[in-house]
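Each of the next two complexes has chain A plus one more chain, namely chain B in the first and chain C in the second.
== the complex of A and B ==
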């Protein structure tokens, strides 16, 4: 199963109920967290993607299992993310990160990673980084990537402050990546 | 672009109710301002008693089962949900006068207005729909 922060059961409900329930459920989701919506309405596949786009959240993807659609949406605050400044001094392009052969650390949420990441990239979501830093070597070269470079900027700073010496923030991030994707979904 | 959706509900059958309220609730759930102007038979859709017994178009009664199988919410439920999501209902004063209806005949929380009320709201709406 893909990890989500909040689950919504909208199974058995017809249009427009999955959308209405999703809107309400989103009120209890913190910014940056992922909501999983379980629905049997086939229209929900197109509708939830369109709804996310309209409202300004990130539609991560959906998969079907036994007639149930599992949709994943990450709550965004567009105004905040547009003004967020990237301040970590050491950066690299997507291409530089890939040809380096070094560790690529993907700090997006588990669901985002599951729906497509650079083959070989290591997943530690931003919120878990502080506890899981010990999985990384302090002196190894690490290219930190997220969707647009904002979370990876914060993660890079966090790692540098913790004593990591060879950290680079990858820009533009997964939004600009057109290469092969590894997935953990069907 | 304006965030307003203006809807005219001018027909009073069961299918009309779903057309109106599905679009209205979906728009409201997408964080749009929605106002519905109920006029002529459209008033049935928010009439306290009639909204429970809206008719299928003649010859389409066989769809009753389909509605049940698809677990489509009942019209009164949709009305309540629309209001909860902030959809504004405006009943047409002229039609009410013609049909001898008062504000008390309708669900709570509606406004009563005339054609100009709707036009004023709709003048800068990004979408205007008629059902």
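== the complex of A and C ==
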């Protein structure tokens, strides 16, 4: 099961209802959170992806299990988050992070990680970082990555403030990664 | 304003009669790009339904008021929603009942011509998919060639004409659509024929369709003669009916020729295709009327909606029959081929009897254009 913040049951509904319901449900999803939509209509696969693109949300992916499609969409507000300024001073390129052999910390949501991450990357979603920092060594080299470098920028700052000494923010992030992806979906 | 439900049959009349029509296709852009309702005098706008959830005000200027407007989607639900919204905005519009799914399934039977002794030959035009099936009838008997899977259309037609279906043929193992041949033979007691060279993997019994086989329809003998014509598949077989019609299967179309790669053997079969088109067919009478198993573009339809043309005219006009250089021909039919039809491997397995998907799954497999040709 992939972790999502909000779930929507659209099983048994024919087009256009899965999207009508998704649009409505998105109103109650906070920015950056992931909505899981369960649908049985095959058309929902292409249409939810196209709709997400139209309105600017991030379509993470979908998987089928027993005739039910599980779709994952992350709510985005393009103007705000995508072009946010990155302030953490220590950065590394995707390539530098990969060849370093050091820990790569992926702070995207669990669903984003499940649908494709750098092999070996450790997953701690941004929202859980404060509670789970103790899973990491304060003095080890950690390359923090997200999709576009914004969340990882905030995570890097948070870690540095907590006393971590060897943190780098990876840019451009997963949007610029074209290598092999490890997946946790079928 | 009221919203009218249009049937696929009504839309087919618009296509065949070359009427003006405006289609607002509310499927996503990829689906529209790949496959739509084609008509000579149709205009289109593609706006996905999910961009109209907040209203249709913005698109009203794009919707004409001086011709019939049809809203189309995949199954019908979204087109009803959009049609209702347009109706509330004061527009008179219709939607396609059953959506593209019903369009893909609709067959229009059109008479191609008369056969000797009062016989008749019908072409069943599947406009949405470009498939063509045939029924020859004479003196209470019928033969069917390349039937698509909507078998009741054929059995009902035979009932209406008061004829008994005796022979059911497939010119080859189809890769773009699911054959209805075997099922028709089962329910009517007719004999089902397949070319043995295409049927090596089939898991049911069939009668071998081999070069030179002839069957008669009715007592006064309308002859249906088989002519081995490989190239699209290794078993592909053509038919000459009543000395007047040449049914070419997927070997020769009106504006294109068959592709040799759908069973994965383009390089092996290109020589056969060349031999069939440039040697075997050349020995036939030029006045034969060619009746293919597919059409790809609306320009291949005649004014009456049939897809048929004199063989001699095709020798003169069809590009695929006029490539003198053998190497150029080889490259034309093996390089840069169009994408293969949707689910073509699964469709071949269904036609071999290896898998038996339910009706919905079959519909899903057949979505999209047929793509059996190279131009």
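Following the convention adopted for this analysis, the second predicted complex is superposed on the first by the 184 of 186 C-alpha atoms of A that agree within 3 Å, B and C clash if a C-alpha of one lies under 4 Å from a C-alpha of the other, contacts with A are read in each partner's own complex, and residues count from 1 in each chain.
The rule we apply is simple: a residue touches a chain if its C-beta (ideal position, glycine included) is under 8 Å from a C-beta of that chain, and two chains touch if they have at least 3 such contacts.
Note that the structure is predicted; figures quoted are calculated from it, not measured.
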Superposed partners chain B and chain C on chain A - clash or fit: clash
First, second, both or neither for A:120, with chain B first and chain C second: neither
Partner chain in contact with A:17 - chain B first, chain C second, else both or neither: both
First, second, both or neither for A:42, with chain B first and chain C second: second
Chain B versus chain C as contact partner of A:54, first or second or both or neither: both
Partner chain(s) touched by A:172 [first = chain B, second = chain C, both, neither]: neither
Segment of chain C intruding into chain B (one of 75-83, 183-191, 255-263 or 309-317): 75-83
Common interface positions of chain A, toward chain B and toward chain C: 14-17, 19-20, 23, 47, 51, 54
Contact set on chain A toward chain C in their complex: 14-17, 19-20, 23, 42-43, 46-47, 50-51, 54
Interface residues, chain A side, partner chain B - complex: 12-17, 19-20, 22-23, 47, 51, 54-55
Residues on chain C engaged by chain A in the complex (per definition of touch): 28-31, 48-51, 53, 73-75, 77-78, 81, 364
Chain A-facing residues of chain B, complex: 22, 25-26, 29-31, 70-73, 81, 85
